[in-house]
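Got some structures for you, see below.
You will see two complexes here that share chain A, one where it goes with chain B and one where it goes with chain C.
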Partner chain A sequence: MTELPKKTKRKLGLVIDLDTCVGCHACVVSCKGWNTKNYGVPLSDQDPYGSDPEGTFLNRVHTYEVQPVEGEAQLVHFPRSCLHCEDAPCVTVCPTGASYKRVEDGIVLVNEQDCIGCGLCAWACPYGARELDAAEGVMKKCTLCVDRIYNDNLPEEDRVPACVRTCPSGARHFGDFSDPGSEVNKISESRGGFDLMPEQGTKPVNKYLPPRPKDTIKEIDVLSPLLVPVAEEPKGFMDWLDKKLDGF
Partner chain B sequence: MRPAASIIIFTSFSGIGFGLLFFLGFGLPAPRGFVALIFLGIAYALAIGGLISSTFHLGHPERALKAFTQWKTSWLSREAWLALGALFFMTIYGIGLVFFGVAIGLLGVLGALLSLATVYSTSMIYAHLKTVPRWNTPLTPTLFLVISLTGGSIITGLGEITLILLLMTGVIQVIVWIRGDRAFYGSQTKIETATGLGREGEIRSFAPPHTGSNYLLREFVYVVGRKHASKLRLICLVMMIGIPIALLSTAFNFLTSLVAAFSHLAGVMVSRWLFFAQAEHVVGLYYGKRVGT
Partner chain C sequence: MIDQPYLNTSPKVSDEIRQTTCYMCACRCGIDVHLKDGKVAYIEGNRNHPVNKGVLCAKGSAGIMQVNAPSRLRAPLKRVGPRGAGKFKEITWDEALQLAVGCLKPVRDKNPEKLAFFTGRDQSQSFTSFWAQDFGTPNYAAHGGFCSVNMATAGIYTIGGAFWEFGEPDWEKTKMFMIFGVAEDHDSNPIKIGLSRLKERGSKIIAVNPIRTGYNAIADEWIGIVPGTDGQFILALVHELLKAGKIDLDYLSRYTNAPVLVDPGSGLLLRDKDGKQLVVDKRTGDVVPFDKTAIYPDLKGEYSEDGACRKTVFHSLVEQYLKPEYSPEAVAENTGISAGKIRAIALELSKVAFEESIELDCSWKDFRGEEHKKMVGRPVSFHAMRGISAHSNGFQTCRALHLLQILLGSIEVPGGFRLKPPYPKPAEIHPKPHCKVTPGFPLDGPHLGFVHGPDDLMLKEDGTPARIDKAFTWENPMSAHGLMHMVISNAYHGDPYRIDTLFLYMANMSWNSSMNTRGVIKMLTDVNEDGNYIIPNIIYSDAYSSEMVAYADLILPDTTYLERHDCISILDRPISKAGALADAIRWPVITPDRNVRGFQSVLCELGAKLGLPNFVNEDGSQKYKDYADYIVNHIRKPGIGPLAGFRGDGTCTGRGEVNPKQLDQYIKNGGFFMKKIPDGCHYYKPWNMDYQSWAVEMGLYDSPQPYLFQLYLEPLRKFQRAAEGHGDRQPPDHLRERIRNTMDPLPIWYPAFEDNHVNTTDYPLHALTQRPMAMYHSWGGQNAWLRQIHGMNPLYISSKLMRKHALQDGEWIKVSSVHGSIIVPVAEMAALNDDTVWTWNAIGKRKGTWALEENAPETTKGFLLNHLIHELLPPKGDGYRWANADPITGQAAWFDLRVKIEKTESSNSTEPRFETIKSPVGVGPKSLQWKVGND
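Then we have the complex of A and B:
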């Protein structure tokens, strides 16, 4: 049903740390790998070994250059996937009821048997979290690895989303935001976790952590005062030459 | 946004078809017998032809009937119900006109109002999207409704009312364009809010997440219409408004109405192409595609 639940029992989601993400795209690959073999239809590729390859992905990593007013520019790697919004606009636009938000844990899912592939949910999502699969004609999106996190057949440490499990720099955290004492809430609060596009009114569950400020290196070279250039204005022969050349 | 041919044909044709049904429902004109059949036939061909065309852009058209289920929240679902309702009442009304020579006024008015409501719900599919600031305005349903009524009135041949509607369409269309050109940069959504990195400094997309294209880039990011936009707007105004006014203010007869209707329809299709092609979706911000223009 495309009516959003007033309240979900839990709020499962991710904290993504823009400070520690190194932009390796391992989360992109593990996401594609797991979700091609499990929930719903595979994530197809078109012309994968040709000159113009493309495909469906549920997670993509952008890289931005951030230039502060003073100091060096900084590169920020920015993973982008479904934020499992509390007020998910993709759910309410769905004409068939294929898109829904689960009452038990807040995960936004697509029932692919009901999806007509109209694309309206992707139009309504400001984050580009949904991609229509070109081979199957149905909408694909992050499931928060719903088939991993409750899967008793997996060892306990694997019962997290594939992207979280694979991240080599610990930039992704998975947990329940409805529990005030949860690790994700603690990390988000202590590091100033923020929402993407809060003005769109979607109330995202996933939080992003800002990059930490860069260290400044103190000048410790005792000889450096002696290396300051001494001649600001030319003198002698160079002064004469300078004036003669100016005179031309 | 990608200007999909099926959606342009759908919104243009069914818009005019439902506009025609609106006037027929109110008995303007109220033909009987064979003439009524012709009028209703044109309206049905436009309205239903457009609706069928809209299913061509679906990934799974065979499941289209499921779209009737979510009328509580989805404008697309509401549109499906309203269209069905309008066609249902207009069909009974039409049977009365064609076969029995009677106009059951109540059914006609009900069908007329549902026809207009269908056009409104179509426009609300676009107007309610916060992700496309150009569309997210009451001007979108205003334009869709006035275009629908204008098209309907040209075919029914309503004289001065048609001329007034044509002028109104022209004025509203120009207002829509002027407002629309500023909408994206006037909206609160920027690359700073999209990435949340506004406090850190000036943000530039350094490397895209993928070297090839994808669904998002094709569907939402590339804005096709910029290059020839002003020429197309002029063509649109001439075809949609100028030629019909010139013809219909000279003479109201079958030939001028026919040429005016085709010219108007062609103009409406240009207007709809621009409506989609020039619309900017906020997801483009993530790809650094909405900077500086």
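Then we have the complex of A and C:
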């Protein structure tokens, strides 16, 4: 058993906008690129050119279809990564203390030197957000780019997670949820940000914004006054035009 | 107390950042390439870059897996087995060039047209075309003919620019955005950035697409239209708006040829002795040239002489589109969109355009000398791509969309659609095509261009096509990008003639870039009675072990995009924004570890060895050491070269002497150059004299070129007249009816040709492909990261069809067209037009290629729809070969495809199956842990 901090100084996390995410996988690959180069062992790929290519990713995008009771089916793109839960079951289940939640910012990390690759944490996580790296046998997960967000070697504007910096459709926001005035809190509040599977009791830090209502334009009856014909025939139209052009 | 381990949160990021231009797709984003120990460690978007503003897509970030891909070719190759077997011998560059010269020199000396030089997704067309022109063959084009030439051509003829590279919505001001047939085709990151801006402001996004993926999935409204009927839908919107008088009459009067007079007998536009279109001045009643100072053109103008009354284009337009056949009720069933919905969309457009219009306090002076105090904007904008373009009615459909934009007054205005420099410019100032061959000498001018009537066609004296692809002939008179998809088929059939050498660059013509893939493979490998190949010589340049490699006799291995110089040239398709002129370069941020050379540099050397006049100095020595040397030192006309930035002493833009340090300055500036359009010139550019003067100063043209948007496109009428029997140059009889019916000078809709050639009861479904966002053509398949996202492709079919055929996800079906059949796995998709099936583009690979193992999912569960699509329509029994293409531009009609499906037994592999090609590079490693540097 590993202990969770009673309280963290900050609560860093992401707001992910399901209304704007086009499902392009930019965040997936930029995460793979940064984290292959940085924190811990590289994110390896097995059989990368073969029949069953499978590598370690800290962030994946899934696509779901939603069929409303009325109206057209919709497609929702759902990026999935660690939610940096306040009551993170992946930490408490860890037998070696390798998994831990940082006191200063709430980021959940794996100290790879202490990880024995037992996989208990991945079982405990209800979100499927951890992946065991097959080459090194250590558990990998989203670090919220802990090696970017405080990195003095990066320009200040780049001190955000790689997925946030790269997202072309602006669907990812990074910030401190412990600060009531923070942008992430404001966005989340104004757009109905929600917890993923709150019934699991994990108190996720990351929030998701729901897709806005779709297909709201109503059909117009032929008799609608809104597009009143000025004429039905060319002759009548040209008469109307005459009057209109007098104004110019 | 919790014991946290020490963590260095400020690790060194990289040794160095080098900024260049991405080439993981055609978007041309700026990238920061992080290097450690001289190797690529990480790639991210360049924040200062005008295209992507720091963001980067999945493909861009995966570039690292492209430059280390095991599929990279390593040395020049000479074929030693039969074509298609993949047996090669590595040779030196000296040998390779000697072989190429040995092949090409006799051709140039005797019959330059026997070289067909075609390039694929080449971003150096102003250079490759220059080389081909110097060689003297008329047979050059790039891949536009099978990509989106309908879009480009319809746009340039109609509005003097086009969607994608030539224009963009006014993302910051538009209040409603409508996209037609857009997947991840082009301009991908700018569109995503733009959609995000619209979402922030709550501007409505309407997506018209049979498939609700990607951008369409996040749109507020989805119109799941029947493929190929967009033109009908658009013209019904036109009908509704016109009938309700919801059109911008002032805009139409001032900036379009709506008030231009039409001769009722010929249908030609009235012109003065200088060829200027004539209008009636509402103020004086006089008939005057459209650009006369201080006039106001009268939309209702009339002019009678010799008993005949000349009325305006607008008059014809009203008569045409008020007809009941354009009403929502008339098109509802065919388009699959209810009349009430069509009317509702028309209403939304009119509300936003006219009730939420924008007025900027910005004075400007128009080309008639009139001062305007404000810039008025109709904030509805549109974008469209291959979904409407890749049909045999695509040109007219693209024209219809421009008509809709123009009626709403929404082009080149605040909140509307704006053109990017060097556009806007009138179609007339583009070059015309050229085809005059003189053995041993250059061609008489550029190959490709814009025709304005039968006199401009590329026909020989006997009336037969001058070009191997039959571009600019009666079969497709306005084929401004050529027809790369017809080259192999025409050369094989000797129609119009046979060739000696096929020279291709980065075009996978034996696989995903050809229709009728198996047929094309046969054409590439068939021999004549003497045992010689029917296409005698094939030279190919590619960076990777693509399917095409095995079919060439000589391979010139290209570099990857991070190992080369390139220029995204102002002479071609630069990276400009609507508010700025911009171009860009690539430069070798890493050094190749293989015996490969940038193709353009090879052309510099080959050009010199062939003695091409623009590639040798007076003493006969090689003029351009390499492509970089050409980029800096080539002068297209005095003061103007491939790059607009940092000319002369480094401070000149557009015009200026050669600057030997130009590339260094581009590199220092992040790999690009950008010059903002001055204030007051951002809108109304075709008519805004301050913009026009600036454009001249920049070298975009040599004198101001104000013009009118061409709602009525006279060149089309000229071809129609020829088909009616007027003029000396006459079409063959079998084409007359088609020319008359399709080349209407006002936008029309007609059914896709395939619908008239196959029984649509037997083939009830439409079949489409889309490009995935995380994969670009065949390139992505070799990428270890991207292929984990898209390693196979099912055929997506609607819930209705799943039930009808009692199918479950993962089961297999036979998909048949009139041309052939394939066996593929299926997956259900509800957010899909009921009668449409579709799959991702170019995921399927041939065994033995791209350094993938033979049993890779791309080969067993990936497939191409190409096998179902023929380059020709089914024979009519008249002995003619009818191309499966738009009759105006020759654009490949990929999306006209009609199919039927039936359930089959479970399978372990898609069909057709092809023999394995022997890989010239082996296969990739079994595991990958990519990390550079030691920390």
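Operating definition for what follows: the second predicted complex is superposed on the first by the 215 of 248 C-alpha atoms of A that agree within 3 Å, B and C clash if a C-alpha of one lies under 4 Å from a C-alpha of the other, contacts with A are read in each partner's own complex, and residues count from 1 in each chain.
By definition in this document, contacts are C-beta pairs under 8 Å (C-beta built on N, C-alpha and C of every residue); 3 or more make two chains touch, one makes a residue touch a chain.
These numbers come from a predicted model, not from an experiment.
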Practice prompt. Quick one: classify A:124 as touching chain B (first), chain C (second), both or neither.
Written response: first
Discussion item. Once chain A of both complexes is superposed, is A:150 in touch with chain B (first), chain C (second), both, or neither?
Written reply: second
Discussion item. After the superposition on A, what does A:30 contact: first (chain B), second (chain C), both or neither?
Written reply: second
Worksheet item: Is A:67 in contact with chain B, with chain C, with both, or with neither (first, second, both, neither)?
Response: both
Worksheet item: Looking at the overlay, what does A:78 touch: chain B (first), chain C (second), both, or neither?
Response: first
Practice prompt. In the overlay, work out which of chain B or chain C sits against more residues of chain A.
Written response: C
Practice prompt. Once the structures are superposed on A, label A:216 by its partner contacts, choosing first (chain B), second (chain C), both or neither.
Written response: second
Worksheet item: Is A:92 touching the first partner chain B, the second partner chain C, both, or neither of them?
Response: first
Worksheet item: Once the two structures are fitted together, what part of chain A is touched by chain B and by chain C alike?
Response: 3, 25, 28, 52-55, 57, 65, 67, 73-76, 97, 114, 211
Item to complete: Provide the residue numbers of chain A that touch chain B in the complex, in ascending order.
Response: 1-3, 18, 25, 28, 52-57, 60-69, 73-76, 78, 80, 89, 91-98, 114-120, 122-128, 131-134, 136-139, 194-201, 208, 210-211
Worksheet entry | chain A-touching residues of chain B, taken from the complex the two chains share | 1, 57-61, 63-64, 66-70, 72-77, 80, 125, 128-132, 188-189, 193-197, 199-210, 212-216, 219-220, 281-283, 286-287
Worksheet item: In their complex, what parts of chain A are in touch with chain C?
Response: 3, 5, 19-26, 28-30, 32-34, 36-38, 41-42, 44-55, 57, 65, 67, 72-77, 97, 100, 102-103, 109, 111, 113-114, 135, 146-147, 149-154, 157, 162, 165-171, 211-212, 214-222, 224, 226-234, 237-238, 240-242, 244-245, 248
Worksheet, complete the sentence: Residue positions on chain C within touch of chain A in the complex are 2-5, 7-13, 34, 36, 41-45, 47, 52, 54-62, 64, 70, 184, 188-189, 192-193, 195-197, 199-200, 206, 212-215, 217-222, 224, 240, 242-246, 249-250, 253, 282, 296, 298-300, 315, 318-319, 322, 338-341, 343-348, 350, 773-774, 782, 784-789, 791, 799, 829-832, 851-853, 855-857, 860, 923-933
